[in-house]
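Letters A, B, C and D name the chains as they come in the text, with residue numbers starting at 1 for each one.
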Amino acid sequence: MSALVEVKNLKKYFETPRGMLHAVDDVSFAIESGKTMGIVGESGCGKSTLGRVIIHLLDSTDGQIFFEGKDITRANTRQLRKLRENMKIIFQDPYSSLNPRLTVEQTIIEPLIISKKYSSRACSAEAERLMALVGIDQRLRMAYPHELDGGRRQRVGLPGRSR
Amino acid sequence: MLDSSELVATPKSVKKQSQLAVVLRRLAKNPSAVIGLVVVVLLVLMAVFAPLIAPYPYDKQNLLNTRKAPSSEHIMGTDELGRDIFSRIVYGSRYSLSIGFLAVLFSNIIGMTLGALAGYFGGLVDDIIMRLIDIIQSIPGILLAIAISVVLGPGFINTLLALGFGAITMACRLMRASVLGIRHQEFLEAAVSNNASTFRIITRHVIPNSFAPVLVGATMSIGNVIMSAAMLSFIGLGIQPPTPEWGAMISGGRALIRSCPWMVTFPGIFIMLTVLAFNMLGDGLRDALDPKLKK
Amino acid sequence: MGRYILKRLLWMIPVVLGVTILVFSIMYLIPGDPAKMMLSPEATPEEVEAKREELGLNDPYLVRLGKFLGGIIFHFDFGDSWVYNQPVTKELVSRFPRTVTIAAICIGLQIVIGIPLGIIAAVNQNGLGDRISMFIALFGISLPNFWIALMLILFFSVRLGWLPPFGIGGIKYYILPCIANAFPGIATQARQTRSSMLEVIRSDYITTARAKGMSETQILLKHALPNALLPVITIIGNGMGMLLAGTVVIESIFSIPGIGMYLVGGINSRDYNIVQSSVIFLALAFTFIMLLVDLAYAFIDPRIKAQFARKHKRSQHA
Amino acid sequence: MTKEGSSFLAVNDLVVEYTSEGSVIHAVNGVSFSLDRGKTFGLVGETGAGKTSIAKSILRILPDPPAKIRRGEIILDGEDLLKLEEKAMRKIRGRKVSMIFQDPMTALNPIMKVGKQIAEVIQLHNKVTNKQADAEAARMLELVGIPADRFNEFPHQFSGGMKQRVIIAMALACKPELLLADEPTTALDVTIQAQVLEMINKLKRELDTSMIMISHNLGVVAEICDDLAVIYAGEVLELGSKEAIFDRAAHPYTRGLFAAVPTLDEEKDRLMPISGLPPDPSNLPSGCHFHPRCPLADEACKHEKIALREIERGHYCRCVKVSAMES
C-alpha cells in the first residue's frame, strides 16, 4: 500500500535581512497509514516549519509532497479545502492554540460549521460525541479556555475533524 | 510574583459565563466605573429629555433680568441677554454628547479598519498606513482640528469631522498593536487549517480578541473630544453662539468674569463632570477587560 | 550610536515635509473659498476675484505648494499674512521663545510633580496615597485647561488680587498660565508613570533582585525606576504635544503674545496663512522635540544602543 | 536524613495560603521535611501542587498580599527564618540562601549589563570595591561557561540557556550554603537542560552547597537528588531517599506518576495517565486529597486526615492502603 504521506527533497527557505535562512533543507520521508512518525531535534532546527509546510500552512520552496499517492505540492485553494478536511495540526502551546473568546463547544464545532455539512442540531450532537471521545466533561461545554488548564485545552484542540 | 499555576481553580459548576457577563460583573464591582456609568446615563437622559428638564427655552431672552446671580428662579443665573444658564447647559449637553459619540464613532470605524489591515497583513500595507499615521500624529490633535475647522468653517458637522480626523490615529494604533499581539497566536493558524476564510478569521478570531483596548481608548477619547470641542468653541471655531455649546458659553462669559462669574463656572463644571464620567468608565473598562485579571 | 542618530535625522525629512504638505493640503483642498471668507459678506464678486488673484489662489495646487514649500526650505520664509501683508516668519520667530518658555516650565512641572506622584502611587498600590493621588489625577485629565485658567483668574486675581490676570512681565505673570496649562499634563504624567511602574514592579527580575537580598529602596532605585523611566520619556514627549496645543488657548486668555495668541488672532481674522504657518511651526517644533525624545530613549535603552554598537569589537573587560 | 538534630535545614508543618477575589487558596498544607548539609532534596509534583510556594517561603519572598505564611517553622542552621525581622533576613538572601528561577527569559534586568547584575549581589554581601566585585563576577561567568569578555553585554544578547547560566552564576556568586532551584531547566531545550544540570551538579560539589530542586520532571530529579518528597495539593504524600521512592514507590499517586512517563525500552501503545485533575486549591477534598483520583480509594480515605507513616527506615508515605514494607 503506498505511503499515506510522502515527502521528497522538501525545502523551505526564508529571506531574512541577513540572507537566506534554510529552515527545511532537502527532507524526504514517508509515513504509512496508521503509523506515527517522530521528528526529534533541538529548537530552531526546523521541525515545526516542516510540519507547517506539509499541511500547507506555509508554502514549500522546493521538493514534493504526496498525500494518498497524489502530488499535493502545488494544491490550489479548491484542492486545499478538500485536503484540510483530512489533515489536522495540534499545537505545542496549549495557552495560545485556542481562541480565548470561543467556548469549548464553539471551538469544536467551528470546523463543522465551516464545512457546511452539518446542520446546527447535528453540530451540537457531534460536539457531544467528540467531547466524550477526547475525555472532556460535558459540563465544560460552555467553559472558556481561560477556565481550563493546559491538559484540557490540548484535548479541546484535538477533535477539529470535519469529516 | 503570584504563581498563577497554583491558582488554577478548576471550574466547580461552570455557569454560563459568557465573556460579557464576566466583564459586566467585574465592572459592577468597581465603584468608580459604576459612578462613571451612572453619570453618563444621567447626562444622556438630560440631553434626550432636555425640553422637559430645562425650565426655560435655551434661547428665550429676557432683557429685564440680564446678568442675574443664581437665584431660586434661575438656579444658575442668567447671561448678558437674560437667558437662563441652566437651560442652556441642559440643551448644550445635546451638542457635547453627540459630538463626543459621533466623532469617536466615525474615527474609530476608520481607525480600527486601518489598524486591523496594518496589523493583520503587515508588510507594505502596514508601512504605508503607519507612515501616514506617524505624519498625522506629529501634528498635535487640537492644532489639526483648528486647521481643519478654520477652513471648513463653524458648525456641528464641520467640528465633528475636524475632531474625528485626529482621533483616527489613536484608534488605528491601538487596533494595530492588539492585532499584532495575537497575530502569531496559534489559534489563527488553527483557523487557517480548518479552512476558515480570511473574512471569517478576521471577524470571528482577530477582531473579538483585539477590540478590548480599542474600546477602552474610545471611551476615554469621547471625554477628550468633548473637551476639545469646548476648546474650539472657546477660541471662536467649532459650534458658534447662539447654539448653547458649553465651550461657547464659557467664551461668552469670559469678558464678564468679574461681574458674573457664574456664566463661566457652571458650564465648565458640566464639561468636567461629563469628561470625568467617561474617564472613570474608561478606567473601569480597562481593568474589567484586562486579560491578566481574566483567570 | 551615530548610525541611529543619522537614521532618525534622515527620517525627520519626510515627516517635516509630510506635516507641511498635510496642513497645506487640508487648508487647500477642503471646500470654502478663503477669499470670500475673509472679505465681508457684501464683497462683490469682482472684489473676491481680485483678492483671489492677489493671493495667488487661482494657481494650480502644485504651483502654490511648490512656492510655499520652496519658501520654507530655502529661506525659511512662511510668506506674508494675507490680511495685513506682514511677513509671517518674523512674527513666528519673535513669538516662539515665549511659547517655548511656557511649554518648558509646564514640562518641568510635569516631570517634577507628575513622575514622583506616579511612582509613590505605584509603590504603595491601593494604599491611601495611591487612591488620593489617582483621584486627583483623574480630575486633572478631565478639566479643560481654559476653564482652569478662568477659575484661577477668578480666584487669584479677581477675588484675592495676588496675581495679574493677564499680560507679561516678571515671574508673577507666568504662574497662573503655567499652572493652568500644566495641570492636565501633570495628571496624565502621574497616571501613566504609575501604570508603567506597576508593570515593572510585577516583573520577574524584581523578584530576582529581592532574592539577592536587596532592600525595597535599593530595588526601586537600581532596578524598578530605570526600567519604568523608559516609557515615561515617551509620555513626556507626547505631553509636549498637548502643551503646545494648550498654549493656543492659554496665551489668548492671559494675552501672552506667543505663537498661540498669534494663531487665535489669525483664526479670528480668517487669515489662512497665519493659521497655516502657526500650525506648521508648532507641529515642526513638536516633531523636533519628539526626535530628542527618541534619541534620549535610544541613549538610555541599551537594547537599541547595542543593536548599533555591535559593529565594533566587543569592549575588553577590565 | 534524620528528622531533627543535626540537619542543616528543617521545614516543619509549613502552611501557606493565598487570598484572591474572596476565596482562600490553600497552596501549602503542613509540609515538613529536612535536609542535611551538602545533600540535594527534590520536591516533585504536578503544576500547581505548591512547590514554588514552599521555596519562596524559605527565602521569604512570597508577595505579601495576597500570600500569607499561616503556620510553621523553617530552621536553617538552628535559626528559624520565619522569626527573623526583615533586615536580618536580607543578610541571608543571596548570601546564605539563594534561588534560581524557572523562566530565564524574564528573570534578568533587561537594561543592566549581565556582569553588573552578578557583581551587584557580590557587593551587597561583601565589603569589596567595584573592581574586585567585577573581577569576581567575571570569574563566576567563566565558572558557568560564559566567556568573561561578554561581561558588558545585555540579557537580550544571550540565549535562554546562557541566561540561565548567568542566573546560576548570580545565585552562586556569594557561595551560598543552600541553593533553591525552581524548575531551572523547564524552559530550556533538552540538550541545554543536560548541560545546565551537569553544571549545577559540578558547582554543588565544588562549593559543597545543599540544594532543593523543584521539578515535575522525574528524569531531572533522578539525576540530581539524594532524597525527595512527592507533593500533591500542598501536602507531602511520600518522602524518602531516591532509591526508596524510585525502586519501591509506595503511594498510589507516586506509582501513577511513574506509570505516566513513557519509557524507551518497553513497547507501549497507550500510556497510563492518572485520571482526573489536581483538586481545586480553594476547596480541597476531605481526608486524603488524592482520593477522588485514586484507584485504591475507599471510605477510609474519604474522611479523616491521613498521617504520614514510616513504612520503611527513612521512607514515609501518607496512605492508609499502603502497609508497612517488610524491608
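Convention: a residue touches a chain if its C-beta (ideal position, glycine included) is under 8 Å from a C-beta of that chain, and two chains touch if they have at least 3 such contacts.
What you see is a predicted model, and the numbers here were worked out from it, not measured in a lab.
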item	value
Chain whose mean Cα position lies farthest from subunit A	C
Most heavily contacting chain pair (counted by C-beta pairs in contact)	B-C
Most central chain, judged by mean C-alpha position against the global CA mean	B
Rounded Å distance between subunit A and subunit B, as computed from the means of their C-alpha atoms	43
Where subunit A and subunit C are represented by their mean Cα positions, the distance between them in whole Å	51
Distance from subunit C to subunit B - Cα centre to Cα centre, in angstrom	22
Touching two or more other chains - residue numbers and ranges from subunit D	47-48, 277
Subunit C: positions in contact with at least two other chains	203-204, 207
Of all residues in subunit A, the ones touching two or more other chains	149
Of all residues in subunit C, those that touch subunit B in their complex	14-15, 18-19, 22-23, 26-27, 30-32, 34, 37, 138-139, 141-144, 146-147, 150-151, 153-154, 158, 202-204, 207, 241-242, 244-246, 248-249, 252-253, 263-264, 267-268, 270, 272, 275-276, 279, 282-283, 286-287, 290
Interfacial residue positions of subunit C with respect to subunit D in the complex	203-205, 207-215, 222-223, 226-227, 230, 300-303, 306, 314-318
Contact set on subunit A toward subunit B in their complex	52, 55, 57, 80-81, 84-85, 87-89, 91-93, 96-102, 110-111, 114-115, 139-140, 142-144, 146-149, 157, 160, 162
Touching residues (chain side subunit D, partner subunit A) in the complex	47-48, 189-191, 277
Touching residues (chain side subunit A, partner subunit D) in the complex	42-43, 149-152
